[in-house]
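Working notes, structure below.
The chains carry the letters A, B, C, D, E and F, assigned in the order they are written, with residues numbered from 1 in each.
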Amino acid sequence: MNAAKENERIEIMTASLYSAVISDTLDDLGYRNQVMRETLRPLEANDKILVGRAKTILAADCYHVQDNPYELEIKAIDSIKLGEVVVGSTNQSVRNGFWGELLSTASKMRGARGAVVDGLIRDTRKIIELGFPVYCTGFKPVDSKGRGIVVDYDVPVEAGGVIVYPGDMIFADRDGVVVIPNGLVDEVIAKALNKVNGENNTRRELLEGRTLGEVYAKYGVL
Amino acid sequence: MNAAKENERIEIMTASLYSAVISDTLDDLGYRNQVMRETLRPLEANDKILVGRAKTILAADCYHVQDNPYELEIKAIDSIKLGEVVVGSTNQSVRNGFWGELLSTASKMRGARGAVVDGLIRDTRKIIELGFPVYCTGFKPVDSKGRGIVVDYDVPVEAGGVIVYPGDMIFADRDGVVVIPNGLVDEVIAKALNKVNGENNTRRELLEGRTLGEVYAKYGVL
Amino acid sequence: MNAAKENERIEIMTASLYSAVISDTLDDLGYRNQVMRETLRPLEANDKILVGRAKTILAADCYHVQDNPYELEIKAIDSIKLGEVVVGSTNQSVRNGFWGELLSTASKMRGARGAVVDGLIRDTRKIIELGFPVYCTGFKPVDSKGRGIVVDYDVPVEAGGVIVYPGDMIFADRDGVVVIPNGLVDEVIAKALNKVNGENNTRRELLEGRTLGEVYAKYGVL
Amino acid sequence: MNAAKENERIEIMTASLYSAVISDTLDDLGYRNQVMRETLRPLEANDKILVGRAKTILAADCYHVQDNPYELEIKAIDSIKLGEVVVGSTNQSVRNGFWGELLSTASKMRGARGAVVDGLIRDTRKIIELGFPVYCTGFKPVDSKGRGIVVDYDVPVEAGGVIVYPGDMIFADRDGVVVIPNGLVDEVIAKALNKVNGENNTRRELLEGRTLGEVYAKYGVL
Amino acid sequence: MNAAKENERIEIMTASLYSAVISDTLDDLGYRNQVMRETLRPLEANDKILVGRAKTILAADCYHVQDNPYELEIKAIDSIKLGEVVVGSTNQSVRNGFWGELLSTASKMRGARGAVVDGLIRDTRKIIELGFPVYCTGFKPVDSKGRGIVVDYDVPVEAGGVIVYPGDMIFADRDGVVVIPNGLVDEVIAKALNKVNGENNTRRELLEGRTLGEVYAKYGVL
Amino acid sequence: MNAAKENERIEIMTASLYSAVISDTLDDLGYRNQVMRETLRPLEANDKILVGRAKTILAADCYHVQDNPYELEIKAIDSIKLGEVVVGSTNQSVRNGFWGELLSTASKMRGARGAVVDGLIRDTRKIIELGFPVYCTGFKPVDSKGRGIVVDYDVPVEAGGVIVYPGDMIFADRDGVVVIPNGLVDEVIAKALNKVNGENNTRRELLEGRTLGEVYAKYGVL
């Protein structure tokens, strides 16, 4: 992957796009199930946008401490590449905190931009202090040892009801988490930028006092 | 409706009342199911109170783009009157964001005080910037086109488990959302103001160190 | 109970421990179900730690106003002792706000450090102003009269899926709520302090750039 | 209560009515929340109709064995009168089987016609052999001792989402469980018998081949 | 549609196929979300297979009696064609019985083979007597008037989590309900018949005592 | 294990015991969480009792077809020993049918007495014809390939909320599924047989007309 081109993508998306306009663009292209469930929420209630390439990890519940329980988890974390976003699939387990401060620290040092976990996390205060953005479904200060185990990584996973392939572009803001299939990224960026203009016109005319009916008749945007 | 009288109602409620004392007053009058489910939460975690008359909108899930999909939605928004609170009923759909920034902007320009949506919304950052209070059950950056459609408005709807009639008074604060039936508004305000006094006495004596048993024996308030 | 010793415990736990390391320590001792469900959340999204001895109260749903409906509730509150944390079990009822401002005020005046309610609460703004930490599953401004009743106190209860005995040590922070059985408190504190050191080493070496594999091989902590 | 008149009611309802026509009649009278949740199902998948007067029992979850745990339960059962239907409210607990064979036997010997339990039951094979009709939400072979306790009886309870008062008429068939408020029983029976005729006409003409539109235009029944 | 060819399809499917082998065949063709949720169950616990073309009806919850509430419902039923299976989408409402005896009778007289309702039904005894197969999520003897309304028909709907287009082939047996997209029907039938043979070989050899490992190595079927 | 002794255990349990009395006996011994969730139901609504030693299998959800997807599943099935009951843990997945006819056939040929699956199954008609008792949470005719995978066997698993160790005794009847820890089996059988006598006395006296109060005072059984 061309690093300069990728940086440009990230910059444009961070500066000018938001999850709603990206979702609308994917809808127009016929990709109508690319937004994760509303249960995935940012760790902090602010506007920090998380963008990057999916590094997928698949976990499963277990009920005893297996041999080398962390083997695959460590391999997964240590193989993270610059600009990736960890996407953790736990099959919506609420038995333990799948993610925590030490994994965040190790991931950040390898170059990860953040993590999206369809499951619970722990060490929330320290993760916030670390400045590592995480989206998750909740919090539980319980270790995964004997409760959950990484069974695969760099494979397709489901997170928040969306199938995520390694290398897909993740875009998350306070409205939610969108998954842009790898092959569509540039097309989505270009079309989404156009949509932003249409919405700006609609907003401006509404603020000038025109009715929704008048403005919709003119721009066809709602 | 007498505008000056209505303004006075809003001012008194905003300055002196809160959802708990209104709920207790409705209980005393025999109206025991006037508080929405706890899943309805304010967009912002602050104390901004939302009060106004219900403008009801009923939506339903759909699975294809219908002809004129926005026809009723536009009519509903453009018929909002000063001082109203949009009450959106989606039958608790989580498939899309029923409400967003452009609808908020159009509603505010017509005079709406805010919105209560038993469903998801999107464009949360811009709605906060707009200063338009919204209560909802969560967030999803997904368009309603081909997923949900307005099927009626200015009719009775259910939101958060409460039947809301057009013109009912909505009172929402960080504890939750209460619906005061239109014909009871003045009686509820008067009785609730009395209750506030009783609670103040109880609180004061508790803070002076008396036991709950002593203070309850004296004021009968808990 | 020796008050000085107890104060020392509280100070050490507040200053140096957190829910995750306490949960891990309990795991090591074979107590693997001591953390409440992730639905128990702090009233305020901050880092204020709540530590103290469980004062248990058991409530049940009812459907009419019984004679002396508050009798046991008042006795429970007025018998709170210095340093206790109210643990309210409502069988996860969402019909009313089990806890509110007046109970918080009365409890605080008796010496309670805070409350953990497996149920809904009300009067959230005033409880925050009072500075009384509460963990709960949500908010509803609805009175318990004719909806819920205290049926027992100072007995074992279940809260957030954990059996809590009177006198157990409650430790709650933004990750969640842990219950330390009374007889294990000093052992847990000592072992948890040791664990904190191990995690500090791991974190430091990760921040120096070593891989997770290298650091785990050295310290065995994840 | 006049026993002969009551027997006549039971006979007419059993012979000629069914839950759907009773629900429709209650709807027409403005009582629109008299049917229990669909989770209440008959123990046996047959057509045996259960009709009788509600004998209400209210239970609550508990977590230790209390003194005299069966005191109220025994009083409740031993005070059953001829023709009653036990209505057990457990606040939808799934922790134990609230009802079983011995309670069924004791109830039947006092004159009970059956039981409607918003909760789980056990001893299902023996209850079927006893010929005692029970509606419930499922089965669990777990004792109530230390898990649930009767806290009141002969009081209003909620079962399946419906408030049931002692003496209300319960009508249950394989479609579900309807609660007829005591004061409406004779009016409901009379009006429901009329409705049965209208439906018979509609059915007959449909079977003769007329369209639904034609038949609805003629009888106004659907 | 060629009636003789269609009859042949129905006969082959009824005689030789079952939902599992059809689902496997659709999987192989890349259609992996064609089976409805496990909550859709046959009204009677027998082996009667329901096969036919989807006649879709979309309903929505409402909270007042609208003008001409049955207009679209009557049009939908009276336009049923020979060999169709009604597919009712209620957005999983549990507020009323969407389907009942009179609709079953009218549908059967128009030529419907049965109904699949993602929602509740009523009049179950009479529907069984009528011999009209219905799959649904449960039972409730409550009328739709003022609770639910047909908002469209002959449009794509979602039922049991599957998008169903008018004309798709529905195949339902006691394992569940499968939806075969219209354009794939003949291909699916042909390939599924082949699969049946492979499974027969596997079963026969297992019954002769070979291990699963041996038989799987030979036939590759599990 | 002594085969004759084991056969005697199975015969006594099948002839004289039932899940409720076994659960009560385990309660008395302090094992109060040995009964699976009420969602585990027999495939057939009859009284066939399933008893035998747990052969545990642990599955996890996945989202792509892995290499050798059936490797562990085949090893697990082919290592079944005479008298075992397969206990399948799927973490309550509803994505596919974990169990089916071919696995039932292979298991039965190895000597399995039946299966308890905390998940969905398929091929229900053929499994019934095979006479292989299965308890499960529902049905779905969807293959596990690319949806679920066996990750371990002969290890502790959770099924229906109970931790099951290999070799534990499973007892299932129409009331539910009980797990007797291996080391307690003979003690439980002996004590449960005693309990059966106490219940028989209670039942007999109730049927002779004594009140529940009288009989409970005499036998202390409810």
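The working rule: a residue touches a chain if its C-beta (ideal position, glycine included) is under 8 Å from a C-beta of that chain, and two chains touch if they have at least 3 such contacts.
In this text, all values refer to a predicted model and were calculated from it rather than measured experimentally.
More than half of the contact pairs at D-F come back, by residue number, in E-F, the repeat among E-F, C-D or B-E. Two copies of one chain, subunit B and subunit C, form a contact in which under half of the residue numbers belong to both partners. Chain centres here are means of the Cα atoms, and by that rule the chain farthest away from subunit A is D. Computed centre separation for the pair subunit A/subunit F is 41 angstrom, with centres defined by C-alpha atoms.
Centre to centre, using the average C-alpha position, subunit C and subunit E are separated by 50 Å. The distance from the centre of subunit A to the centre of subunit E, each centre being the mean of the chain's C-alpha atoms, comes to 36 Å.
In subunit E, the residues touching two or more other chains are 45.
Contacts between chains, counted with the stated touch criterion, involve the pairs A-B, A-C, A-F, B-C, B-E, C-D, D-E, D-F, E-F.
For subunit C in complex with subunit B, the touching residues are 45, 70, 73-75, 77-78, 94, 97, 100-103, 105-106, 109-110, 120, 122-125, 138-143, 145-146.
Only residues 18-20, 22-24, 27, 32, 35, 37-39, 45, 47, 173-176, 178, 199, 202-203, 206-207, 209, 211-213, 215-216, 221-222 of subunit A touch subunit B when the two sit together in their complex.
Against subunit C, in their complex, subunit D makes its touches with residues 58, 60-64, 66, 89, 91, 93, 151-152, 155-158, 163.
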